[in-house]
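So, here come the structures, one by one.
Across the two complexes that follow, subunit A remains constant while its partner is subunit B and subsequently subunit C.
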Partner chain A sequence: MASKTININLKIWRQKNANAKGSMETYKLDNVSTDSSFLEMLDQLNEQLINERQEPIAFDHDCREGICGMCSLFINGEAHGPDRAVTTCQLHMRKFKDGETIYVEPWRAKAFPVIKDLVVDRSAFDRIQQAGGFVSVNTSGRTMDANAIPIPKHDADKAFEAAACIGCGACVASCVNASAMLFVSAKVSQMALLPQGKVEAKERVLNMVRTMDEEGFGNCTNTGACAVECPKEISLDNIARMNREFLKAAVTSEA
Partner chain B sequence: MALTGLFLCTFLIGHLLGNLQLFAGGEEGKRAFNEYGYFMSHNIFIKVLSYTTYISILFHAIDGFLLAFQNKKARPVNYAYNKPSANSAWASRSMALLGSIILIFICTHMANFWWKAKYSSTPMPLHRVEVSAPGSEQKQSLYLTTTGSFLPTEGLVIKHGTQIYAPEVNLKVGEGYKDLHSLTVAFFGHDKSAEGFPANEFALLAVVLYALAMLTLSFHLWHGFSSAFQSLGVRHPKYTPFIQALGKGFAVIVPMAFASIPIFLYLTK
Partner chain C sequence: MSILDSKIPEGHISKKWTDYKDHLKLVAPNNRPKIDVIVVGTGLAGSSAAASLGEMGYNVKAFCFQDSPRRAHSIAAQGGINAAKNYQNDGDSIFRLFYDTIKGGDYRAREANVHRLAEVSGNIIDQCVAQGVPFAREYGGLLDNRSFGGTQVQRTFYAAGQTGQQLLLGAYSALSRQIGLGRVKMYNRHEMLDIVKVDGKARGIIARNLVTGEIERHSAHAVIIASGGYGNVYFLSTNAMGSNVTAAWKIHKQGALFANPCFVQIHPTCIPVHGTNQAKLTLMSESLRNSGRIWVPKKKEDAEAIRAGKLKPTAIAEDDRDYFLERRYPAFGNLVPRDVASRAAKERCDAGYGIEANDTNEGVYLDFSSEIKSKGKQSAFAAGNHNPSEEEIITLGKKWVESKYGNLFQMYEKITDENPYETPMKIYPAVHYTMGGVWVDYNLQSTIPGCFVAGEANFSDHGANRLGASALMQGLADGYFVLPYTVSDYLANEIRTGAIATDSPEFDAAEQRVNDQINKFLNNNGTKSVDYYHKKLGLIMWNKVGMGRNEQGLKEAIAEIAQLKEEFHQNVYVPGTANEMNPQLEKAMRVADFIELGQLMAIDALQRKESCGGHFREEYQDAEGETLRDDENFKFVGAWEYKGDDINNEELHKEALNYEFIKIAARNYK
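Let's look at the complex of A and B:
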């Protein structure tokens, strides 16, 4: 297939640092290969900016193969752009038309403050994980082989699907309420479904939900936007499961 | 939120069944409706239920505003360009707006009916029937009493809203029914000044606003009904499609049935 090139206009959020006031700036970029990824297009723009002795645009990325969850752009009004089940790094320029104006913005949420340009601080997710997204294992040398524990295939599959969450934050970015429910519910579910996770199930869900609220994420009103925009197609089933886990734990906990 | 929302959904069914009696015409229909109104205000079980409803509305509204306020704070800077229609339904993103409109409607609705029926300083006219003795042209006006008997309106006086007294001996001779049927007919009817109630010159406006409020409720429930189950963690591949279909049906049929009543009254009375 012969590769095509397109010329595009970009409106990109520029912000010097966390405290600076930012604004949308307009750029023109010609000869963008439709085979390039969105991040490669930004690389091309940055080269152009550097050649013009301008500050290049800061944006997050790492693996560029859709598994690390670092890339995080709000493109043309949608998290990770118009395509479904892909991260920004896996979004291709063939999804855009010649002459199109493309808006690029950072995730917007109180819990994800902008550090610079398109880069936001997502450490709130780490703190939620630290509050309960683990199982405590005795490492004295007698650790039981996980494969020795019988787990129904169905449960294992569901846990695996939940574990596919890469913590990118698109769910928060696309939610009207900036709610982190899909992320937290995936992290709660991947453990709640397995025998190893049952031991700490109660404290886990209570602590993770409390931390989620403390970090300033909004409340879920079940709009379902998160699951549509999630690059890993995390299901709303997980949110219902977390609601069940939470209600059970809240009703029966002693504190 | 989910519990109060679902409770309010069951309230809607009860309230609708009561209101649908307004379709029954004639003296029979009027009598049935006023007797129903009396039952609703004199039954201890209904009293408990109605206070639960007031508290639910209050709690649901306060909780809703609180959530909306927190959610606004969770995104202090908005996107320059956002396309939420790509991933979610308008109703689901507008629950606070829809709920606020419903709340305003509930206030005006209660001022127009509940307040007038219960606390208005001018006593509500009582249920009356016009009859003529056999072979006579002369019409006589009678009060229907709560024991099912009739008392002449002439020579008797009303005290404490509904108590019928013989004035010269100051003796209670019966209790009448508040004529809620005529109140409603006069409010929505297009030209009828019913039984001591003045005709409402803004009847058409009242009907249109009522229908718009029901449309708002319809959108609120379109999202709200199934959302409440999700909030409670009730989600299952076998039952969720049914709950979602039921929610959509409920959201269309119930508000439409409510709205059909004032439209019917406007067109026929």
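Let's look at the complex of A and C:
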């Protein structure tokens, strides 16, 4: 693993706050280790900006190991940048060339307004979860023994694959319609695949889809960009499953 | 008489919690909506507590600094969660989990708390399954288990290498349900910056809205701190970038004692440091030690050749490899507890056998080739092929490994650009978890009445070393199954109090403290960034209050940190303003607290003239380099009381540890 350094040019979206008009600004950064992650590169740029008495760039990040879903960034026109199955914190500078110009923008979607620079408001996702992304069981611990209901391994594995969604919003940012179908369908699928979730399956899918529409996410037109850019490789099958669940719920709904 | 009353109930260890719980005071359902509870932090402990208390009917306000409660760092826990279910029929029991945890903690944890933890462990799994947490299952449809360090049973439940994520999303779903029902009000992107006490009791917090910069007052009848650990005092750790000690440290400054700050877990299997611009270290789950074997070359010249890039590890013959954990600890082998494994790796690297070509040559191998062969053969037989070729075995073996650890292997490859299916992983210890924390009694209440502390933020369950897969267990136990009872008992005396006003002199004073600190930083006009000082602090801590500690180094650290504190406050430069999103300001406030805590950690480590668990004082070791505990003089919890700006003045209070139900012995994994 020969470590080397590269010099890069950056075009980064700067926006003072939600109401301000933003623009792309140009920066030059030298001596970036190819072993650095993309966010470590931004740390390095911020250190340079602070030393030059300029305002550092605000960006969301936390765990830096690809699981919290806090980091975002549209890099060279792709959510989480050019690598596959990674978040921006797992993207490394070895994916870029010496002298390259890199474009960095926030997620763009009506339902994800910009707060500052590269930071957006994704609380719409929380509100969709609050509408039905749960099993209505109390937290007493007095349920039934965990092994009382055997669940076929295949179903448990499929539910896990759907549950691996980190809620980062790359699917929305990548979609021409800014649709949240992949995100919502992952949660609906996880629950629909498990006996514990089946009881409320109907209410869940109707409530979550309704909230998704109210939050201003667009419709799904099956372009599949979401699944390509998803850092956790959440499958399009989930959208198909949610459509079936939704149809089933809608035609049998009492309202 | 010490000011520490642990309030451990009388009776046999197996009955204490049940009897105690039966006699705690209750708050009637019609009174609960009149009572406000604040929960700071939304990891496993915080979100489970907020969900449970909201569901009971209390008026809950929950706070997290991230953009959503689902991001809390519990999400990054990989390997699993322990529970004494004995589904594998290998002799597990509540007592055994209790015993393993006390022993694993090197006899520095409180018996009663740990037993309670083991008692409720089974309920956690029941609860999570009922919530739809997709744990790994066997082909028969029942839950699968694996082993973790420091145990000889299989009691760890898991969801691939993403157990923390699945458990946190389970707790987040319970919390979301309560938010949706209006019983919990969630404050995302808010940071608690002080606690408010009225007549000695916790009555609220001061929080900063991280989007607008607004300073807010929130009152409550009880405050729960579940803000996680303080590993980021080392700058480089496996913690999330935002993980910080501020909430815990602020309550410490207002009267909560801070216990065993020097007890830090250095996790043996992390990806080694690569360069000076690195911001974070990445853990490779302990579960990998179920399948991976740790080694370095037997010959120094081989290690040198590897570091120089002239030799590949796969070219080193079996006889020329030193599987040093298997050699030193045959009974537990690669699954010794974390502190033991970390020290053994350090010992080999210090002796010149390290394999990583970084500044310090620090790295050892974690090798999966034996497991790939054995599981590949097993898979072939299971599929009816009783005469598999070498190639078939390897292919099937890799597939098996992928099904167990796929996401970890992918994570490793993305970071290092090396394929761990083909070549062994390179790993080295890194700061991971802090056993120390705010001192709490049996009720998880701090020395400030009405201020409770849960999860990693408290000190109570893991002694001097936490066993793998026990942090998730503790977080959920505290939040789901302990606090709802003990907080209600406290609140039973508050039903006549009425709403707490926020226009009191106490709130004024607390807000003033916060504003003063913010203004000081923004007007400081120094020359160096916050990170510059944080990195300096981290280096002092890692070199002198890290895996090996000695009297001289600790004394130097105390003086150096005092000096650093002065420089930091004089010369730090914080750009931007108070009334906007300002990540540098957030960091400055956190680092100010880390610096003070770092000094207290060194003071605590100096005071503890023994080696136990993760606290290794080089002066106190046996001929084989194992820890030498001093039960006669140090069988106590060291809880520090804040005495003003100079941390050297903190006063030590001792809580004696009594082992009534476990025979205290030298820890032996040989």
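In the analysis below, the second predicted complex is superposed on the first by the 251 of 255 C-alpha atoms of A that agree within 3 Å, B and C clash if a C-alpha of one lies under 4 Å from a C-alpha of the other, contacts with A are read in each partner's own complex, and residues count from 1 in each chain.
By definition in this document, a contact is a pair of C-beta atoms (placed from the backbone, for glycine too) under 8 Å apart; a residue touches a chain by one contact, two chains touch by 3 or more.
Model, not experiment: these values are computed from the prediction.
Touch counts on subunit A: comparing subunit C and subunit B, the chain ahead is C.
In the superposition on chain A, contact of A:Ala109 is made with subunit B only, not with subunit C.
Contacts of A:Arg94 after superposition on the shared chain: subunit C is touched, whereas subunit B is not. Touched by subunit B in one complex and by subunit C in the other is not one residue of subunit A. For subunit A in complex with subunit B, the residues that touch the partner chain are 11, 13, 24, 74, 76-78, 82, 103, 105, 108-111, 174, 176-179, 216-225, 228-229, 236-237, 239-247. Remark: subunit A residues 1, 3, 16-17, 33, 35-37, 39-40, 43-44, 47, 50-51, 53-56, 58, 60-70, 83, 85-86, 90, 92, 94, 115-116, 119, 121-123, 125-126, 129-131, 133-147, 150-153, 156-157, 159-160, 163-164, 166-167, 190-191, 194, 196-197 touch subunit C in the complex. Put simply, subunit C touches subunit A in their complex at residues 48, 51-52, 55, 66-73, 75-76, 85, 87, 120, 123-132, 134-143, 159-160, 162, 164-166, 169, 172-174, 176-177, 179-180, 186, 188, 211, 238, 240-242, 274-275, 277-280, 282-283, 410-411, 414-418, 480-481, 484, 529, 531, 573, 575-576, 580-581, 583-584. Contact residues on subunit B toward subunit A in their complex (touch as defined above): 67, 70-71, 73-84, 86-89, 92-93, 95, 223, 227, 230-235.
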